[in-house]
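Right after this note come the structures.
Both complexes shown next keep subunit A, but they swap its partner, so subunit B is in the first and subunit C is in the second.
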Partner chain A sequence: MHAYWELAKSSFRRHSTYRTAAVAGAFTNSVFGLIRASLLLSAITTAGGAIGGYSAMEAATYVWLGQALLAPLGLFGTAELANRVKSGDIAVDLSRSVNLTASYWAQDLGRAAFDVLPRGLPPLIVGALVTGLAMPGSPGPYLLGFVSILAAVSLNFLGFFAINLLSFWVLEIRGFWMLYMVVMNLLSGFLVPVAWFPGWLLDFARATPFPSMLQTPVDILAGRTDGGESLAMVGIQLLWLAVLLIIVQMMVRFGSRRLVVQGG
Partner chain B sequence: MASSRAIRSGAGRDPHAPVTNLVLLRLLVSARLRSQLAYRGSFLSDVAGQVLLGLTEFVELYAIVHNVSSFGGMTFAQTLLVFGLASVAFALGDLLLGETDSMSETIRSGKLEVLLVRPLPVLLQLATSDFQLRRVGRLIFALAALAAALLFADVTWDPVKVLLALITPLAGAAIFCALFLGAGAMQFWILDGRQFANAFTYGGRYVASMPGAALFFPIQIFFTFVIPATLVAYAPSLVILGLDGPAGIPAWTGWLGLPAAVALSGLMLLLWRAAIKKYTGAGG
Partner chain C sequence: MPIIDVEELSREFQVMEPAGRFRRRKKTVHAVRGIDFSVEPGEAVGYIGANGAGKSTTIKMLTGVLVPSSGRVTVCGFNPVPQRKALARKIGVVFGQRSQLWWDLPLQDSYPILGAMHRMPEADWKPRFRELAEQMDLEEFLSTPVRQLSLGQRMRGEVAAALLHRPELVILDEPTIGLDMISKEKLRQFLDAERRENGTTLLLTTHDMSDIQRLCQRVLVVDDGAIAYDGPLTGLADVAGAVRTMVVDLAAPVHSADLFALPDGAVHEGIEAEGIRHSVSFDPRRLSAAAVLAAISSTAEVADLSLHEPDIEHLVRQLYGRARR
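So, the complex of A and B:
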């Protein structure tokens, strides 16, 4: 356990050296937040006050929380593992005395911990100044929201890790990566709240793990759901966590038997 | 045809004729295309991914529009015209110069030095070095969306509007090329600043494909007169559809697309040249 803690800490330090990247990311997320907030607010004004249960203030809060959590939750993923398969460095990873999945997971949690403040706070400040934020006044949503964020970071990590692991079987994962990104971005509720989707798409989205990756923590943090409902949503997140973990472990197990390390 | 085949195979060309950039360009692009088509399965899955990317961008718009009778003063078919024009322009710009977006990696990995020592303009090499045919997938979807929009949006055509509709995707493509070029040049100064540039390239694409009237007023002004994103599709659409624009994007800006494209391209080319001049090597 100590090894994973050290891995998480060193990953935190590693990401803390890329300060310009963090500033640039925060800037871009804030600009996108302004664009997205204005589009949703314009639609809500035309619709006469609310769409899909979101009032203007609630939609704005949804946008800014989403822009703030985007980087910490790891919605863009990293292709590090796939690159190490390509270069042959994966052989080093596999011969280490730590679990492959757990070591990458720990590093991703370290990255997320660093990203929270420099990339998460600026969009929230811009949002509070421009549109205002409707945040809950009681501590409950924040506590449960923290658990939900942890679960969402892990879900995003496992999703991208599974795509990375495909490189054990195929030479080039770019097509799969792209497909995953596109579907995940839409169905996670990152672009538009899931509740705004037409009925058929909403049902489809709810049958996938994707809303658990962004929509759930955002809704819980904004206090859109009451205690019992929030607990149930975290329960669904944990269920998906178990499913993805099993898939990833199976992939590591069967994939590492197939893997032929080239180069090296 | 015979001459082009001769160039491709390299045989039959006068060996003493000077190798012009145009000849090299054709050689490089055709080599790129053949290499990408060699792995047919991978290529097709890439194209499918790009089509799907265009599709989700459309669903993103649809998820908003299907909830309201009009979005930013436009009907669904009218927003589709904006979306279609913007998508065609972006797909073309991305196809040509999307590669400069990842300039920082080219610099870091030392690839830029390889490009600099060759007797060809760096920009020409960048445009061809990774001429990604898969990005055509995005263009296919964009053209389909534009065709559907032209079919469903009631436009009373006259010669002037036809002219504008023809200029618009090309001017828009030039605007996106210029933005990509600026993004690439900027990364010579701020190596970790790729995401900073994304606010203008991908942020520009996002703004361009949406009805400008739905934006906050300062955003309208910024993305019209500083980064000319609304001039790519929304402003010309106002003229084509005969609509009045919002305060920040009056309908007369519909004709500013081409001049903005020329001015921005010129500026960004100057910036690019300054960036290349400034480059002193990555220790490769």
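So, the complex of A and C:
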């Protein structure tokens, strides 16, 4: 366990060396937050004050929380593993005495821990100043929200890790990557809240792990669900976590058997 | 019990090659074909061969990152692929072309992580790290991020990383590639001392004959995926009939080779630079370089000279009497 803690800490430090990148990222997240908020707000005004249970203020809160969690949750992923397979550096990872998945997971948690403040806070501050935020006043949603964020970081990590692992079988994963991004962006509730989906798409989304990757922590943090509902949603997240973990471990197991390490 | 035991080890790859305008055909490439060898604890073995001979493929199978097509491998008592993590605690691996250090962190930050990965308590890895840092002169750049280190500095860091957990076996895949003479020599001295003091087994691949001469008593020559020679280094030179070449620059041009009274066993190979530069090859077992030089200086004044050792590719080629495809 100690090795994974060290890996998480080192990853936190690695990311903290790129402060300019963090500032630029936070700026971008805030600007896109303004664009998304103004689009949603004008839609809601046109619709007469509310869409699918979201008032103007609630919709703005949904946008700003999404923008704040975007980086910490790792919604854009990283192709580090696939790149290391391409370059052959995967040989180094595999000659270490740690579990491959766990070592990358620990490093992703370290990255997320660093991203929370510099990437999360600025969009929330901009949101509070420009549109205002509708946040709950009791501590419960924040506590459960924290657990839910941890689960969502892990789910996003495992999802992208599974796509990365395809590089054990195919040389180029870009196509799979694009497909995953499109499906995930929609079904996770990043573009519009999952609750706005037509019935059939809503049912489909709920049969996938994607809403657990963003919509769930956003809803819990915004206080849209009561305590019991929130707990059930975290339970669903943990269930998906177990499923994805099994899939990823199977992929590592069978994939590393047929992996051809590139280069001399 | 041998520390490395390899029996009938083979690995083949499927590659696609064009067949006609649109079609592709599967082709099987035999990278390693049925090799056998074993290495005893404390040995220092050079594993040499031309590019593409199958060296790295073998190393990958020994460390458990590549599944053999057939055959049996045992390293430190483990079956490398299924027991890869346990094996990693017993061996140290240096890939000359890759890095096991954390690229964007200061060099010293890599070692606590490695110590933890090998499940070493701080009281155990820290003194060892101090010792390695001192022996390899790492102190002055310990706080420099790895990405800013020179190649020589980084390689010293890599070797220290591979030896932190006092492995029984160290596998080095071209550890001196790209290093200057001084860095190479430092690395060799360190590896040699490490083996003498701790009985560490060394297996290294290299293209540098001096690495082998300084470090290894035994060489394995691999050619086209098969072991072509297994024995002492001196024996290799015997088998291959290795010749050294002396190149001399004369003070005044000499246009005919017949003017030199070369001793038996020395052959005049050629004249360059309008009679100034002459090269003479000779068999070091029959003639000393001094005797060759004396014969030349008796005829003409020598301004400069250099000696060339046969390189590994050359030896292997001579061993086979044919050029590589």
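Here are some notes:
Going forward, the second predicted complex is superposed on the first by the 263 of 264 C-alpha atoms of A that agree within 3 Å, B and C clash if a C-alpha of one lies under 4 Å from a C-alpha of the other, contacts with A are read in each partner's own complex, and residues count from 1 in each chain.
Here, a residue touches a chain if its C-beta (ideal position, glycine included) is under 8 Å from a C-beta of that chain, and two chains touch if they have at least 3 such contacts.
Predicted model, so just to flag it, every value in this text is computed and none were measured.
In the three-chain model built by superposing on subunit A, subunit B and subunit C fit together without any clash. Of the two partner chains placed by superposition, only subunit C is touched by A:A3; subunit B is not. For subunit A, the partner with contacts to more residues, out of subunit B and subunit C, is B. When both complexes are overlaid on chain A, the residue A:S55 reaches neither subunit B nor subunit C. Of the two partner chains, subunit C is the only one that A:R96 touches; subunit B does not reach it.
Legend: residue contacts after superposition of the two complexes on their common chain; A:A47 is shown touching subunit B, with no touch to subunit C. Contacts of A:N83 after superposition: neither subunit B nor subunit C is touched. In the superposed model, A:F32 lies in contact with subunit B only, and not with subunit C.
Of the two partner chains, subunit B is the only one touched by A:R174; subunit C is not. Overlay on chain A (Cα): least separation between subunit B and subunit C is 9 Å. Across the interface of their complex, subunit C is touched by residues 2-3, 5-7, 10, 13-14, 17, 88-92, 94-99, 257-261, 263-264 of subunit A. Interface residues of subunit A facing subunit B in the complex, by the touch rule stated above, are 18-21, 23-25, 27-28, 31-32, 34-35, 37-40, 42-43, 46-47, 51-52, 130, 171-172, 174-176, 178-179, 182-183, 185-186, 191-192, 196-198, 201.
By the touch criterion stated above, subunit B contacts subunit A in their complex at residues 39, 42, 45-46, 48-50, 52-53, 56, 59-60, 62-72, 190-196, 198-199, 203, 206-207, 210, 213-216, 219. Subunit C meets subunit A in the complex at residues 13, 51-52, 55-56, 60, 63-67, 81, 84-86, 88-89, 93, 95, 97-100, 102, 104-105, 109, 112-113, 116-119, 145.
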